[in-house]
Amino acid sequence: MSAAKANAAKQAKVMPAKEGTILDRGYAPYQGLYTPEASRWKVIAGRMLRMSARQWWAILLMIATVIPLLVCAVQMWIMSKLFAMAPPGVQVTSPDTYVMLPWGTMTLAFLLALFAGAGQVSDDTRAGAFQFYFARPVTRDQYLVGKVVPVLVLTMFIALVPAFLLSLLRLALLPSGAEVLKKLPLVGATLVTGTVEALVLAVPAVAISSLSRKRSYVQGGYAILYLLPWIMGSIFSKVTRSPWPTLFSVPAHVENLARFVYRMPLPEGERALPVWISAAFVALLVAGSFALLRKRLSAVEVVAS
Amino acid sequence: MIAMGEASRIYARMAWLRMRRGRVVWLAAALFALPLVYIAGLAIAGHWGRGLFDDVSELYFRFLLPFVPALTASATVAEEIENKTFTFVFARPAPRGALIIGKLWAATVPAIAVVVPSLALAWLVAQLRFPADMADTWPHLLRVELAAVAGLCAYGALATAIGTLFSRHPLVAVLVYLMLIEAGLGSSPIVLNLITVHWHLRNIAELPLPDTAFMAFSVPWWGSAIFAVGVTPLLVWLTTLGVNGAEYRTDR
Amino acid sequence: MSTAFIECEHAAKWYGQIIAVNDVTLSVPGGVTGLLGPNGAGKSTLLKMMVGQLRPSKGVVKVLGSPIWGNPQTLRRIGYCPEHEGTYEDLTGLEMVTALTELHGFGHDDARARAEKMFGVVDLKDGMHRRLGEYSKGMRQRAKLAQAMAHDPEVVFLDEPLTGCDPLARVRILEVIADLAREGRCIVVSSHVLHEIETMTSQILLIHKGQLRAEGDVHQIRALIDAHPHKVRVECDKPRALAEKLVTQEHVVAVTVDGEAIVVDTRTPDRLYPVIPEAAKSAGVYIRALTSPDDNMAAVFKYLTETSS
């Protein structure tokens, strides 16, 4: 230590600091490759997907989806035979109808989104997990994507995959290549409607999950969003004979869009909202949910609770 | 051991204090107010009479009566397990069944106190234009009110029972039951609809019943009332049996 | 002869293939008894069996002479402060303790008065009208203690009672525990913090891998542990000279020089103690301090849990 330093320390009446020594035990910073920052969401999504897919409720719901799939497949096969054999002028239900899964998987998809989506952000809020996530080079947007993707994938499994398989079966039941080419848009229709249904169920579930720490509140809120307008809309549209009470009903809009995409006419005496309103509602719901989720996450301060 | 009635009263008071300070009770109150807003709007638009009242009653019987107890009563035991507060209450010399009864009481009584006047008000609004018909239609209102009260008790007990059985996901388990069994089976044209509370409540309330295509069975409305009223103590007893012998762990 | 407040007779608890408590037979007298054990030893499971929240898979657990499982009469006479932090967030501290005290059979006003008194005892009177959700860790801990004691139980079970408490709160709680013991009650305290248990009591129950490894006074237990010679540390001015004198003694197993002290290993410390001053006198050594570093709970804990690992 220099004399001047020691003198200064003495004058300051403090203990002079020891000169530093580095004990080289061979530590060297990591020089290898890191995964791209933009793909960090895959780590979160992969883990959540693996965890959710192993849960008994996810397995049960996915198995339950097979039932309407099988029933519609059998009905489609029977109808395709009858359709081919029916004399002209005799009305037979088109086999294409069964691609739309008239037995419906929306209830199952809703339940899966409820199970999988409700805890995505609320569990992390309650457990203080943000302290772990955001002490790492993970942005809020990557966290958001990582949380939405697993719910979306699981919901698509119910909303899209059965309809897609049925559309392939439909093509397989057609007698000629020309017919197959003619019916090819059916496959695209299943992809579009399945994606829309999955988005409209999965994204709001995760967005609502960001509003509360309590999973039961999230589940209740999501159930109200889905069920109340649907039931109120169906009752009051019957009373008023107008489709406008279904304005806030998610299932009504999804069904309306599906009819448009599949080019299925409405049953006699029924009226539906204009398709552009359903499209706008769905777009607003999904975009609004993303915006809400982003806003809630950007407000997260990582403090110990 | 402290008496069941006294213990239930204490648990009910605790639960009511907590519900009042939470959000659920205000949400439930808002939900029950919604039909009144709708019926007022429809009345102004020129829809009147018993038909309108029945249509609005559909909202109660298809959604509000099953759903609100699901919100308020499904987590009766589940929240004690999740918050680990069962370690306090089950270390007391009070019957465990008192927890079930007390919390169910706290969830159901306020709901009844809101639904009964709400239905009466809805009926009044629907009948305003034809006051002379009130004399004929008030027995119908009474039947609807009876069905609503029985429904709240029965659905509350159902929600508690199912929520206790599936304590990790109580609300979702109850919703699954309501959507698939009560709504699905209750509206189906097979005789199995008789096992659902939903069918019996509609029978009491003189609401349209699904045409039973196979093994049709006719039940008088008072029979449905006995079923709907009787299912509540049965479910509470079963839930209490389950909770009495159960062990709950804090390390889940 | 003290009457046993708590008795376990071949009590066991298993979950499938996992045996959490394995054939434990013990009795707990009045006063403070420490329940020790490493993580996963079965302390919490045993405590919960004593509180009647877990049913023994085998054997019987009795509190105050009666089996505790499914016995509400006995529950009236016990108090339990669990380890977890869960409480009724929407209730105030006073409301929660009052309601839980009412569940013991007290009238509302009586229960409230008891609750208020207990909040004074645990130094939380200022916070009793605040909601539990707003409480800090230490406040929550004291509220839990208040609910465990407000109904004047004869037996009190405390699971990690000092967790999250600041030093002043710790002192206060230790005083409360000591007061309870002086009144003739039985207090079972489970803790990982051995020196805190040591300030409260020398009576211990040591659990390891679900089995009861030791029961009784910690010093007597230490004397029984033959596998580990006792250590006696002597600080002096001429350690080597003293070591030379002591190493020849037949009951000395080993002598280690440790700076300005020596550490003597012996299986019979009672015979060693009179020899040390004689040896020091003959060697002309000045002794500054004489201690027994492993005649304590930490050493007992370590020796008994190490051997079975």
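Labels A, B and C are assigned to the chains in the order they are written; within every chain, residues are numbered from 1.
Quick note on the criterion: a residue touches a chain if its C-beta (ideal position, glycine included) is under 8 Å from a C-beta of that chain, and two chains touch if they have at least 3 such contacts.
Keep in mind that what you see is a predicted model, and the values were worked out from it rather than measured.
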Neighbouring chains common to chain A and chain B, by label: none
Chains linked by the largest number of contacting C-beta pairs: B-C
Distance from chain B to chain A - Cα centre to Cα centre, in angstrom: 31
Rounded Å distance between chain A and chain C, as computed from the means of their C-alpha atoms: 51
Whole-Å gap between the CA centroids of chain B and chain C: 49
Residues within chain A bordering two or more other chains: none
Per-residue multi-chain contacts in chain C, two or more chains: none
Chain A-touching residues of chain B, taken from the complex the two chains share: 23-24, 27, 31, 34, 38, 42, 45, 47, 52, 55-56, 58-59, 62-63, 67, 71, 74-75, 79, 169-172, 175-176, 179-180
Chain C - residues contacting chain B, complex: 44, 51-55, 70, 72-76, 78-80, 82-84, 86-91, 95-96, 99-100, 102-105, 131, 147
Residue numbers on chain B that touch chain C, as the complex places them: 1-2, 7, 10, 13-14, 17-18, 21-22, 83-85, 87-95, 244, 247-251
List of chain A residues in touch with chain B within their complex: 57, 107, 111, 114-115, 118, 216-217, 219-220, 223-224, 227-228, 231-232, 235-236, 238-240
